[in-house]
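Chain IDs A, B, C, D and E follow the sequence of writing; residue 1 opens each chain.
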Amino acid sequence: MALHSITAHGMPELQGHHDVHHEEHWFLKYCWSTDHKMIAKQYLVTGLLMALIGGFFAYVFRWQLAFPNQPVPFFGVVTPASYNMMITQHGTIMIFYVAMPVLLAAFGNYLIPLMVGADDMVFPRLNRASYQVFLISSVILIWSFFVPGGGFGGAWTAYPPLSAGSQYNLTPSGSTLWVVAVAVEFVAFLMGGINFIVTAMNARAPGMKFVDVPLAVWMIVIASVMFMMSVGPLIAGSVMLVMDQNFGTHFFDPRTGGDPVLWQHLFWFFGHPEVYVVLLPALGFLAEILPVFSRKKLFGYRTLLYSSIGTACLSFFVWAHHQFISGIDPRMANVFAATTVLISIPIAEIMFVFIATLYRSSIQFTVPMLWALSFVAEFLVGGVTGIFLGASGADIHFHDTYFVLAHFHYTFFPIAIIGSFAGLTYWFPKMFGRHLNEGLGRVHFWITIISFNFIWMPLFFTGIMGDHRRIYSFANFPDLMTPDRILLREISSVATAVMGIAQVLFFANFFWSMYKGRKAEDNPYNANTLEWRCPSPPPHGNFAVMPTVYRSPYEYNHPDREVDFWPQDEPPAGQGELRPEGAH
Amino acid sequence: MAEQHPSHESGGIGWQPLARSVFLTTFLGAVIVVGTVLFYIFAGGEDLIARLIPANSSFAGDIDFVILVIAGIVGFWFFASLFAFFVLLYQSRRRPGHKPEYLAKHDHQLHTWVSWPHWLVIACDLIIIIVAVKVWHQVKQVAPPADTVIRVVAQQWGWTFRHPGTDNKLDTVDDIVTIDRLHVPLDQVVHFELQSKDVMHDFSVPVFRLKQDAVPGRTIKGWFKPVKAGAFDIQCAEMCGIGHGLMPARIFVETPEQHAAFLEDSARNASVPGGQSIY
Amino acid sequence: MSTEAATREERKYWRIWAILISLPLLSLAAQQTGMGWLAILVSVVVMLTSTWFAVTTWMHVHLEPRFVPYLCLLGIAAMFLLFFMVAPDVMSHEGNNWQNRSADTPAHIERPVDPLAPPGAAAETHH
Amino acid sequence: MNYTTITKFDRGPLARLLTGAGLAAALLTGCHPDQRMSASSDRQKQLYAYCMQCHQIDGGGHKLAAAPNIGGLDSAYVENQLNKWRDGVRGAHPDDAEGLRMRPMLRTLAGTDDIKVVAAYVASMSTVYSPPSLYGDQEKGGKVYQASCASCHGTEGLGNQAMMSPRLAGRNDWYLVTQLHKFRSGVRGADPRDAQGAMMRPMALGLADEQTIRDVAVYLSQLKPKEI
Amino acid sequence: MSGQIIATGRSAAGMPTGKLAVWMVIASEIPIFGGILAPYLMHRIGHPDWGQMAASLNVWIGTFNTGLLVTSSLFAMLAHAAAERGDGPLAAARLRLAAYGGLVFLCIKAYEWYAKISHDHVPQTGTFYGYYFSATGLHGIHILAGVAILLAIAAQAEKGKNLQRVELIGIYWHFVDVVWFFLFHIFYIIR
């Protein structure tokens, strides 16, 4: 191993295999690159663009719900068909084309090689192929909006016979393209998932035991395993659905012996593990950010790890709580109610660990820390309201009302939006070598958080008061047109517009700071994990000298060290056991 | 930079005073929350949910009770953890001279901190499961004997209701079939057979806390017993295509005289069902 | 690897091959006897034994680290979970408060008649 | 190297500019636009947008959605039918699957003036002809039509405004067949408030058998009026 | 440009990266095949009248196909044995034999499908055939992919390069064989 001398402020001087960086054609560098960092940025940019589309749909149909049948600024009249298409595509885009790519693929691709001390993903070409398959899938989805009949409008859960019969959904090619786009996206994430798991398991730096792996990597690996184990039936289900739609088969056609409830089971068998697949990476980012800005060791590394593995396993037993009143046998509902309420325990465990990490620490309210703390606060509301829906008795009233929407937006918003903002603001200096503008970040944070709460708190109450979801306009329901309900809906819609506009601040800050922001050092936050041990932005081969790991990533304020952080790859000064080469 | 924090004894960490104060404030906050919820439940607060949406069927009160029990338990944990969260945020903010602690592994106090909420959460979950399953069994699995049976057929973008007519038996000549307007007698157990002709629909009467999907190809039975007269909304609660938001229906809970009048005048011009204006 | 050890290795594979050829023949015989329960019993036994032979002797799964077989068993367990939790709704045709009317439609599905065909023209179905 | 610099509020020029813009935008959205489009052609297009998903943009109809080609019907007839849909005179029968799909769509139109606007727009569209989708002998169909139907619907099937009879020339053949079946079975036209329906039902019952209905339907769907 | 990635060479989990990846592929394929077989079994048990449709399957062709696939797996195994001895060309020859076995299997399968379609025993006229064609079709696609990879690795093995990959494709090929065991018994034997 190349000898490296300790320079003045404790950073090993960089020597070793710096291959000369020849300038490539921009296409090879940006679109055809096998460098995990470039592929991560490709996923990130695609995810953010899709978030714009999903967000715009949200603004439009939220406006239509508050001011029925009036033309929506920047869109025009919202017809029932375009309303259904927008809510369906909003759900599909936000889960499959924003949360999964940004949280799982963008950060997974960027962080796993850096955090385990490798120079790239184990299969670079497969990694590039997985992004390209994902790109094809998002192109197919966008294309499905413009085919005759328009985009698919039968809700993102695509229950047959509405999704199977084009005489019912009136979007003959739109519905098939939607199913094909989602199935191709699953293939992309199977390829990506295998890459994440194998890299995290095999390409770990010498000396990095399983307990030294940062939790962000662990969480993405558990999420990929869960995705791999749960997506199979839905791939088979989508093949059956496409055959039902186009080739006249009768898998889900009730008139000839098919069974629509079978699709619901296949969909939600994947659906519920899927929401934990996007939750775990966000928890992983929190496990990285909270200790750094509270300068304190994470409360329970093994507690967090075992309870997320527990959540992963339990998440396979709970799926039918989405179907309590949709035709399954009522006796089954009791089983799923019990497992659903019990799954709140490991998640409560994880929240206790995050809160306990803050105990007796020294919290520094930087923008990433603000996002991380707001994640904990908002996710508590989301997690807590889930129990109402998991308990079968209460779900009779709450199923498919705005209470359900408010619940899963209080979980999805912290996961997809707050989680990725936390990750982006925290790792931006490493990704682009420059700092984001701190003041702008704070303004964007406060406007987004306040407007988010103003969107969804009122809708909890409209949900209890009987507003059902996916209803085009409440003007047709006399009981729902009372002045208080109308006011609550208008507050929520205006807050959606405010939040939409506030995102301009983020995009401006993001793209402006990429070139004009303050230069960032290699380790601006004095963090321990390996990605801060290489220059920012890291060159092609990441580490000049491949690091060796000596300790866990959360050794902050260790009593017998004067500096309050202890990087993973810093050899212990004399005392402490020296880990032999290749220990695993 | 490595100034020594005064209270940082090298040996044991100063748990006791801090823990006691944080524990006390959390407990106090929790007691207040649980107290208010219990007050509402037992001091006539039964209609806490009913104030938002009327409870007009026999099992609506039971479902509201389940919601309130969950609200009480879950509210306690929510406010307790949020309270602890904000206390810790304020208390551990970065101040000059304040040095964070380093928690060694397997600290005894550390485990007590985590284990007692752990068991309490499990206990609360069991209570919630028992309450929820009891109500679910009572509403969805068993039904009191039927005073009258109706058939609800959902189809793309309209509801067809088949009333048994004067002989109170379905599929007889005197059945009354109406579109989007259901007439049921007050204070009687009404059983319904739910079917769908084409796609998934959902027969939901929010004020009755009644919701059941209509799965095409299946007949699903259910029951409700209206306890308050009046006209209420029926909503479709499962995406069924373009007209999903445009297929409202009305349920008319009628006193015996009104119901008799309805039966009688429907029998008179029973030749054609005749829809009503949709405005 | 000396050639003598190699041929012994390959002979072992041929022996496994012989077993894996004869097992399906066994289940074929069981099926030809016409006894349904026997066919099911034999085919389950044959499926498990041939999978065991193929996975241990050919794929050498016992030489891999422990988590590899565990991961595959996790997938199989997920499928059993899917089967046993979904069967009460899809397999049985009625249950508590519901009855699947569409389940007793005939298995053979008639093809829709082509409206453009002149009436009375015998619909050209296969034999 | 001290990271406290991070926490100071960056007073960069861009920061001040954008925060001001953000707040202004937040206030701007407070007021929501409530203006109605002027009652002109874009109002027509805006209202017809509700019908486009099934009846297509050119009024050509869509067999998959069981929606007929409504282009070229005169506005009085369209208005009369739309009022019937809204009042439940038509399409309010349990066996009328297509009727129950059409009827809720009237909830997207605010009132009688919207119905007039849509009716005028539909009348302004031209009838879209499509090849026959059923087997039918056009000569026989023509003879039967001229014998019993031409008196009300006109020899060239252009309809008669006084008697509120619609233009049948160019109507989809599958649509004519289903409507004739509905008239015969009383699913359509049996409502006491439906004057035209009462006149039409005996005529439909007068047709001999299924094949005659198809012949007439195919004949009408391909009937091109002589005037240009 | 990519050069030799250091990460690919590491085996912190105690097994070479390629083999770990192949086992991951197999672990992710199990739910996909399970996702087709589980609904089929539910419907098959729920609809006893699918028996006559199942009776139309030709058991003899099925058994022959099973034997053929097992033989093809044997050659993949022998190729692995040869590769371990470093004998590239022999491994390549045996891999090609395994690939040709797979192709013959596909031809027989195509013939069987043609017979079905000509008798109008197609998914449109019976959901049993729907599941039969989907399951065997998905399996057929996996065989096609396997044949392509077998030939690609045989070409490389002939030149003595990447001999460790012979074992990897062997594992995948045996997995495809095991899946066929299940399909054969569930569709052809259990009537």
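Operating definition for what follows: a contact is a pair of C-beta atoms (placed from the backbone, for glycine too) under 8 Å apart; a residue touches a chain by one contact, two chains touch by 3 or more.
It should be emphasised that the depicted structure is a prediction, and the values quoted were computed from it without experimental measurement.
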| item | value |
| --- | --- |
| Third chains touching both subunit C and subunit A | B, D, E |
| Most centrally placed chain - per-chain CA mean versus overall CA mean | A |
| Most extensive contact between chains (C-beta pair count) | A-B |
| Chain centre separation (subunit B, subunit C; CA means) in Å | 43 |
| Distance from subunit E to subunit B - Cα centre to Cα centre, in angstrom | 49 |
| Chain centre separation in whole Å, for subunit D relative to subunit C (CA means) | 52 |
| Subunit B: positions in contact with at least two other chains | 140-141, 156, 198, 215-218, 220, 242-243, 246 |
| Residues of subunit E touching at least two other chains | 13-15, 20, 24, 27-28, 30-31, 34-35, 38-39, 42-43, 47, 124, 127 |
| Touching two or more other chains - residues of subunit C | 71, 74-75, 78-79, 82, 86, 90, 96-98, 100, 102-103, 106-107, 109 |
| Touching pairs - complete list by chain label | A-B, A-C, A-D, A-E, B-C, B-D, C-D, C-E |
| Contacting residues of subunit E [partner subunit C, same complex] | 13-15, 19-20, 23-24, 26-28, 30-31, 34-35, 37-39, 41-43, 45-47, 49-50, 52-53, 59, 63, 66-67, 70-71, 73-74, 77-78, 81, 84-85, 118-120, 124-128, 170-171, 174-175, 177-178, 181-182, 184-186, 188-191 |
| Interface residues, subunit C side, partner subunit D - complex | 115-119 |
| Sites on subunit A touched by subunit D in the complex | 9, 63, 66-67, 69-71, 73, 76-77, 79-81, 149-150, 166-167, 170, 172, 364-366, 435, 437-440, 442-444, 447, 476, 490, 494, 497-498, 501-502, 504-505, 508-509, 512, 516, 521, 524-526 |
| Complex contacts: residues of subunit D adjacent to subunit B | 53, 86-89, 91-94, 97, 100-101, 103-108, 111, 186, 190-193 |
| Residue ranges of subunit A touching subunit E (in the complex, touch as defined) | 19, 24, 28, 34, 113, 118-125, 190, 193-194, 197-199, 201-204, 206, 208, 228-237, 239-240, 243, 247-251, 256-259, 262, 266, 546, 582, 584 |
